[in-house]
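Naming follows writing order (A, B, C, D and E), and every chain is counted from residue 1.
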Amino acid sequence: MIALKRIATRYASLIAFILVVLAWELGCDLFQVPTFVLPAPSAILVAFTTLSPSRWFEHTWATLEVALLGFVIATAIAVPLAIAITRSKLVSRVVMPWLIVIQSTPIVAIAPIIVVTLGAGVLPRVVITTLIAFFPIVISTATGLASVPAEFTELSRSLRASRNREYWQIRMPYALPHLFSALRVAITLAIVGAVVAEFVAAERGLGYLILYSTSSFRIAVAFAALVILVASSLVLYGLITQLQRRLFPWSEHRG
Amino acid sequence: LDAVSVQLDWLPAGDKAFVYAGVAEGFYRDAGLEVTIRPGRGSADAVTQLAAGNADVGTAGIGSLMQAAAEGGVPVKAVMSIYSKPPDAIFTVEGSGITDLESAVGKRLAMPTFSSSNALWPAVLERNGIAPDSIPVLSTDPSGMAPLLAQGRVDMTLNWVTKAPESESVLAQAGKQLEVLPLSDFGLEGYGFSLMASERTIEQRPEVLRRFVEASRRAIEFSSAHPEQAAAAVKAAVPEADLAVLEGELRNSLPLIDNEISARDGLGAFDPALLSTTWEWIADSMDFDRDALDPTSLVDTRFLGAEQ
Amino acid sequence: MSADAHERAVITLEGVGQTFRSSDGSPVIALDGVDLALERHEFVSLIGPSGCGKSTILRLISGLLLPTSGRLSIYGKRVTEPRDEIGMVFQKATLLPWLSVADNITFPMKHKYGRVTAEEKRRAGELLEMIGLKEFGHKRPNELSGGMQQRVGIARSLLHDPDILLMDEPFSALDALTRDEMSFELLRIWSERPKTVVFVTHSIQEALLLSDRIVVMSARPGRVAEIIDVPLARPRTLDTLSDPLYNQLANDIRRKVFSRAPLEAGGEGVRA
Amino acid sequence: MIALKRIATRYASLIAFILVVLAWELGCDLFQVPTFVLPAPSAILVAFTTLSPSRWFEHTWATLEVALLGFVIATAIAVPLAIAITRSKLVSRVVMPWLIVIQSTPIVAIAPIIVVTLGAGVLPRVVITTLIAFFPIVISTATGLASVPAEFTELSRSLRASRNREYWQIRMPYALPHLFSALRVAITLAIVGAVVAEFVAAERGLGYLILYSTSSFRIAVAFAALVILVASSLVLYGLITQLQRRLFPWSEHRG
Amino acid sequence: MSADAHERAVITLEGVGQTFRSSDGSPVIALDGVDLALERHEFVSLIGPSGCGKSTILRLISGLLLPTSGRLSIYGKRVTEPRDEIGMVFQKATLLPWLSVADNITFPMKHKYGRVTAEEKRRAGELLEMIGLKEFGHKRPNELSGGMQQRVGIARSLLHDPDILLMDEPFSALDALTRDEMSFELLRIWSERPKTVVFVTHSIQEALLLSDRIVVMSARPGRVAEIIDVPLARPRTLDTLSDPLYNQLANDIRRKVFSRAPLEAGGEGVRA
């Protein structure tokens, strides 16, 4: 019994996954859900064969390239920004409102500007992805940086360390759990961002494929693309968790 | 009054003015109908909403219905044609030197990422003996197209003639003049914008549907006779609309409704031959087998009334 | 104190007061008119009741806190921010949980100068040995006992051989034996590389063994109640502990401290 | 000089705002930026007059209603979820992948399903908003809950308190800075979510207005709507910050 | 210990061992074969070098940690989780920064039972007075000095009048006078409402003044080196401190403790 329970725990997510897929398949069958509303898993599986593997790869890579670039740039911008904001009240006062402005601007609303100014290459899509992904990193990291116990910052001050070192050697390590939780949020946002960007301007990519397929009633293909998208998200999310575990084992649970 | 929900294929605009005019002028009320209008997000969306039973009747391009049928079928039928000519057109600026497809070779074209026009484009080129890749294409958000043209980032856009007034106003701001080249000039034929109904409506409320179709026909005739009043009806329901643009859109759509074909067959009719041609264009451009379906099975003209 | 002494002073507090504004809005007068002058390379202990402001004085000298009144200067210069030459042992160990014990010890160099030299690493090894934690260099602070963590904090303050050393109850979590060892080690280091030391303790004996002078503070608001010279010969060794003068001084101070206290007791706390 | 500097700091964000608006206006003028690309602030101001105030209010309230409902529901779901995830490894294993699946599914891709299943009222829009806003709250709160120092959880265990109390009296207060930083992110996401929902299905609201205006190239009206949207975001963001300051003053900077 | 004593035992440790697996993979044997039986309402002190496992024993008794070998039982029942009747003073004060001092003291009731009665609030006020922090009830823990925080921790453990009280160096940050006061307060409470107390300290005098028995531990791996009965009469008062037996016992124990140590010193640390 205990052994069984242990196996159940270890493979819980797999078991849950299988159960959901089964319920989905049976539900579609039982309630005769039409394919144009929700295709059954088997129909989605079949849909994978409608495109050649190399074409799937092409779409997937087009999206992942943008998502990863956007994610990296978002991180590269957000972390220094979070530092600047926690370091200076003035910067925080001036910059924060604009960050909120950017964050609460629906990208699709400014699509014409982006397309007209940045052209049609990979650039506008990366910009859109970056804009969508960066805000949670700024906020979480800033919160982590600001919640360092006073005793650690006093230690730093007593050593007359530069503020840079205070940030990199004390605040940053302390904020790491929060930075990483933000990175996990950001990677999923970057994927969604890349898809949204493809809605605005693209001729390939999973987002393009999804919209194209839905608009031509190939819902099963759209779902197949969605499956790849979601699987990529899960893998990247897992990679970030692994990275944290490897590089900063102490940052998973503090204390 | 019988409640009828109408699913539009897109946001309120001049080319859909007749539905609003029908409400404002009381054509629907006179037919014993209480009509509610639902703006949509594209023909495919409208067809899906109808198929799912979220609306009783709707407007959409018949190409979408054909595609849906070819992909497995939806319980939706076209009950009345509105456009008997395709609305697709090339928009360019005066003086661009583009007057036909030959002179468009090597020029840059922007097209909306997700539009039914896109698939037709290569087929039109091929029919005119032009290699599709001889014209570089830029897919973009629809809202980016007119600015791109006005800025000279592209030389032409693929569009619907009904959308000309908006593009005109954007080009005017850049001091440019719009030039419209309908694709029908290059051999494109077929039905477009149509009135559709879900099979449930057809089966369960045929009488209501008949009255709706009849009232709609009167509304369309009214709108083509009194574009200003029809546009004003939209404006009254949708304050953010621009009256001049609404009227322009409506006027631009009239030749697609009122033309030699509708004169020949009568407004709303589906001529089987033209219906086949419509399907052949769709089938060729979307890589469907021409024999995959019988296009006449997608229309149900029983509701067109006495005139037919 | 003589004018001469004042001239030689390294650290001077003149009428220093510290009032905290507390979260409930009321002011807490932690220090009130503290006058103190520490000479170069002097070893001074602060003793006084819990909450009398000893830690506050150290924080003021370190420049972490600025006095709300009076004047505090080091080498004649008013203190407005932390200074380079100061080493500090905090009352709480404040080890960085993500660094190993060894890295915590070399952290001041890393933090101040961005790098740790081989020589400093060697010295950290020596200090690890001195504090009896040789085999613990690779462990994390949370794997150490309270007393072990405290010793790591001491080692950390000694690594960069500061000119001024501020120690806030550094031996409070140590057993008697380890305390002795650490005391004599501290004295050895202090005599080899002289420095000005301000040492907070609750133990009169510890203060006597280590200091040149003992500053006795009174309870809130904290003031200097008395400054006692310790005439015990240097170097102080195990023999000092059995010196009759040492015991006599301890009794004297005890009497003074306890005479100001509500509860009359026979010795330094239970240590009669 | 110092007084001047103090004033500059206090009104920094206002000054920055005025400078940006001025630069924008002058830039549009100088570079002759056409209105259909980027309308000048003056053009946006004029655009406000194209609709009656009551119509503006109608649109604004339609969006805010959905955003606020979505935000509240997202919070009400996310916080218990974060607790469940930190409490049980099993729950975390089973639930987390699905949260990531939901989070990385581009809403537009499944919008038809949502609308088809939930009808055309306010419900699908609230659901979409909730789906977009809840994930960062889950992640940040879970991270905050998990980073409570061991000494506090030991205190709780030594008192044999129920795990509920451990969560509500120890972990939650400790995680508050992170919960609030997540709420700040979530409110902006809720606004964007409401707009996205209106892109998918709506007859009114600022998002609908933006879509409508951009699709008919009346960019100035779209920007006017955007201004209201962004201002609402800023106000709500500020309200959350104020709420935190009032209710939990100690949670702003720990230690 | 007699079989009889064993029967009356409240807390028994039989061959208890605790091995930590440290982050670098190596095992740390903190305790090895500890045998101990505490009688009902007995006051026992643990002394021993820093890092010998005193805190670990308290954590084992409290049920926060389960022994890796041997058997630990309370009232004859094997300990598998924390128990209701235990009060604990941690070596670190662990006050909740978001609660006021008064709320920190009543926190155990709030946390255990979800509510604080008026009677408990009154008692918290008394305890605040007892620890000398009457005016500090509304302040936040971070506005207190180290010793003040420690006293709050003591008050917190006393509020719910536990049957078993585990105290880990509760007086280490207190000055001699406050320490005395707190010691006698603790004895008063213990005699009024008898409880079994395990008290960790580094002060032999403190252990003598308070305990019935003193458990002397040896350094890593921690073992019980010796158990010393304290034959001093109860109640113990200020007079106890001047009792010749008290001083003699202190010297005896000192000798025993120091004889096992590498450094030969003349007293309890510097306190000769």
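Quick note on the criterion: contacts are C-beta pairs under 8 Å (C-beta built on N, C-alpha and C of every residue); 3 or more make two chains touch, one makes a residue touch a chain.
Quick caveat, the model's predicted, so the values are computed rather than measured.
Within the contact network of the assembly, the step distance from chain A to chain C comes to 1.
By number of C-beta pairs in contact, B-D leads when B-D and D-E are compared. Between chain D and chain E, the centres computed from C-alpha atoms are 50 Å apart. Centre to centre, using the average C-alpha position, chain A and chain D are separated by 17 Å.
Taking each chain's centre as the mean of its C-alpha atoms, chain B lies 85 Å from chain E.
Note on chain placement: the centre of chain A and the centre of chain B lie 38 Å apart, centres being C-alpha means. Residues of chain B found to touch two or more other chains are 48, 52, 143, 147, 151.
Listed for chain D are residues 36-37, 112, 116, 150-151, 199, 211, 214, 250, 254-255, each touching two or more other chains.
Of all residues in chain C, those that touch two or more other chains are 23, 92, 140, 142. Only residues 9, 12-13, 16-17, 20, 36-38, 89-90, 93-94, 96-98, 100-101, 103-106, 108-110, 112-113, 116-117, 135-136, 139-140, 142-144, 146-151, 177-178, 180-182, 184-185, 188-189, 191-192, 195-196, 199, 207, 210-211, 214, 219, 222, 225-226, 229-230, 232-234, 237, 252-255 of chain D touch chain A when the two sit together in their complex.
Residue ranges on chain B touching chain A, taken from their complex, read 42, 44, 47-48, 51-52, 64, 67-68, 71-72, 74, 113-114, 116, 119, 137-141, 143-144, 147-148, 151, 153, 286.
Residues of chain D touching chain E in their complex: 151-152, 154-161, 165, 169-170, 173-174, 248, 250-251, 254-255. The part of chain D that touches chain B in the complex is made up of residues 34-37, 50-52, 55, 112, 115-116, 119-120, 199-201, 203, 209, 211-218, 221. Within the complex formed with chain A, the residues of chain C that make contact are 59, 62-64, 81-84, 86, 88, 90, 92, 94, 96-98, 107-108, 110-112, 114, 140, 142.
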